[in-house]
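Here come two complexes built around chain A, the first alongside chain B, the second alongside chain C.
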Partner chain A sequence: MVNLKNKIEQSNKKNISLPISRVRLIMKSSPDVSSINQDALFLTTKATELFVQHLAVSSFNNGSGKETNSLSYSDLANTAEETETFHFLTDILPKKILARDYLKSLEQMQEEEADY
Partner chain B sequence: MAERPEDLNLPNAVITRIIKEALPDGVNVSKEARRAISQAASVFVLYATSCANNFAMKAKRKTLNAGDVLAAMEEMEFERFLEPLKEALEVYKKGQKGKKEVSEQKRKDKEKKSDLESDKTREEEEEEEERMEEEPDAENEVEEEEVEN
Partner chain C sequence: VNLQMDGDSSTTDASQLGITGEYGHYVLQSQDDESLNDHEDGGVKENYREQDIYLPIANVARIMKNAVPQTGKIAKDAKECVQECVSEFISFITSEASERCHQEKRKTINGEDILFAMSTLGFDMYVEPLKLYLQKFREAMKGEKGIPGVAVGESLGDELTDDSFTNPLPAGIITADGQSQNVMVYTTSYQQIPTVQQIQFS
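The block that comes next holds the complex of A and B.
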């Protein structure tokens, strides 16, 4: 884990990679936002990078990927549901279930209702 | 403003790089996971902007500033970002200051140059004035009239 921390610190030293102009475009699409000062723009861009790192690492640590050395979509969806700070992502990272499992659970629900 | 949906996404290559640098070497990240993280990042920007904007509006300001963004991070419970953000901001501001000083210096050098040139013409004008003072008073009366007007 120490190596991981150093890696992240190193990448943070070379200021930012994400294009500020694109971040600005997204920010401006938000209603009621008139103008954004240069420092705020920089901070949002930097924060987004930190967020990407945080989401990736949290999902990886939280998930089953550690054995398989991989990060999958379901790791992300699970983390969004289980970790409070990522709750705002549950709409765009919904958990997926197989269609047949969904139909099965529908059937079960109908059977339960029939019993009443 | 006609914005295509793709324009509100962040460049995939950069997102992928950030993910790879954050995870241990050799971790396999699925395409789906990468796309999802990219979308999550866009949502993060919107959420952070909306939150920061609330702070600005509370302070009756129309322009989002650094303080608003930092306050938003705290509100969103991303306090872990605060220290690295403040440090990065310091570095950024120094860089901006350096750029400003370079362009200020360029401007000053330009001014110096034109000052030297106007000094020459001023010397010539002063010599002219000295010559003019030797002429009769009629000239001065005319000048006074102009001043009154």
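The block that comes next holds the complex of A and C.
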């Protein structure tokens, strides 16, 4: 845990590493956005950095990362579902399931329902 | 339930590929391919969506890499995925901020709108650190004399070019695409603020 905190500290010392012009482009693609002041742009860019760190760390810790020491797509998808803050991502982070597994669990569920 | 068995998993649009219902959203993964997902995102999306503009994956990947333990690995599809999440996040915050702005009959989204949006949307843990960063940023901007037209706040106007960032900061530059110059965005008198570092994301 200490290592992770140090990592975040270290990266916070550096300059912002995201292109502001691109952030602005994304912001402007939202409907009804006319203009964005400098503070807003800066804050959004910096917040995005924090968001990436936050999502990466949460997913890494939350998922299989601790054992496998790696971050996978499913770690992200699981975190989006389980963590309230990241719920807004569930539409773009669907969990992947093999068809046969889905069918199996569907069967099981139907069996359970039949018991009632 | 209509199961689609094609192996094409190049879209994450759950409504097209997915099975929704009691299990939440799923997309089908082709049976042979467990490890997978190369998102191939140069990918043609049929409908233009605001999320189709992304931040460069190299930048995103670098931030992720710095966040996880040094020896940790990050799957390629995870990086691509976070890239998409980032655009989603920006849009998410921006629409909320924009709405508040309109409600108050203003045209320009300002810093307060953004901070308020974060708080409303569950990111209030970012707010305090962001305020501190903003303070430092403003100090850095003010510190530079003789640069016309660089003012903090509403008067700056909307058409903000990268130049307005690169010129006035003696000690720091917010980098434009690809140009990494390793300087701080703070004045030389910057002192590390301990409270800023206390973001625990675990």
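We take it that the second predicted complex is superposed on the first by the 102 of 116 C-alpha atoms of A that agree within 3 Å, B and C clash if a C-alpha of one lies under 4 Å from a C-alpha of the other, contacts with A are read in each partner's own complex, and residues count from 1 in each chain.
In this text, contacts are C-beta pairs under 8 Å (C-beta built on N, C-alpha and C of every residue); 3 or more make two chains touch, one makes a residue touch a chain.
Worth saying up front: this structure is predicted, and the values here are computed from it rather than measured.
Which of chain B and chain C touches more residues of chain A is settled by the count: it is C.
In the superposed model, A:Ser21 makes contact with chain C only, not with chain B. Judged by the touch definition given at the top, the superposed model places A:Met109 against chain C, while chain B stays out of reach. Common to the chain B and chain C interfaces on chain A are residues 3-4, 7-8, 11-12, 15-19, 22-23, 25-27, 29-30, 32-40, 42-44, 46-57, 59-60, 65, 69-73, 75-76, 84-85, 88-89, 92-93. Taken in their complex, chain C has these residues touching chain A: 1, 3, 5, 9, 12, 14, 17-19, 22-29, 31, 34, 37, 50-51, 53-56, 59-60, 62-64, 66-75, 77-78, 81-82, 84-95, 97-98, 102, 107-111, 113-115, 118, 121-123, 126, 129-130, 133-134, 137-138, 152-154, 156-158, 160-162, 164-165, 172-178, 180-185, 192, 196-197, 199-202.
Here chain A touches chain B in the complex through residues 3-4, 7-8, 11-12, 15-19, 22-23, 25-27, 29-30, 32-40, 42-44, 46-57, 59-60, 65, 68-73, 75-77, 80, 84-85, 88-89, 92-93, going by the rule given at the top. For chain B in complex with chain A, the touching residues are 1, 3, 7-8, 10-11, 14-15, 17-19, 21-24, 26-30, 32-33, 36-37, 39-50, 52-53, 57, 62-66, 68-70, 73, 76-78, 80-81, 84-85, 88-89, 91-93, 95-96.
Note for the complex: chain A touches chain C at residues 1, 3-5, 7-27, 29-61, 65, 69-73, 75-76, 81, 84-85, 88-100, 102-103, 105-106, 109.
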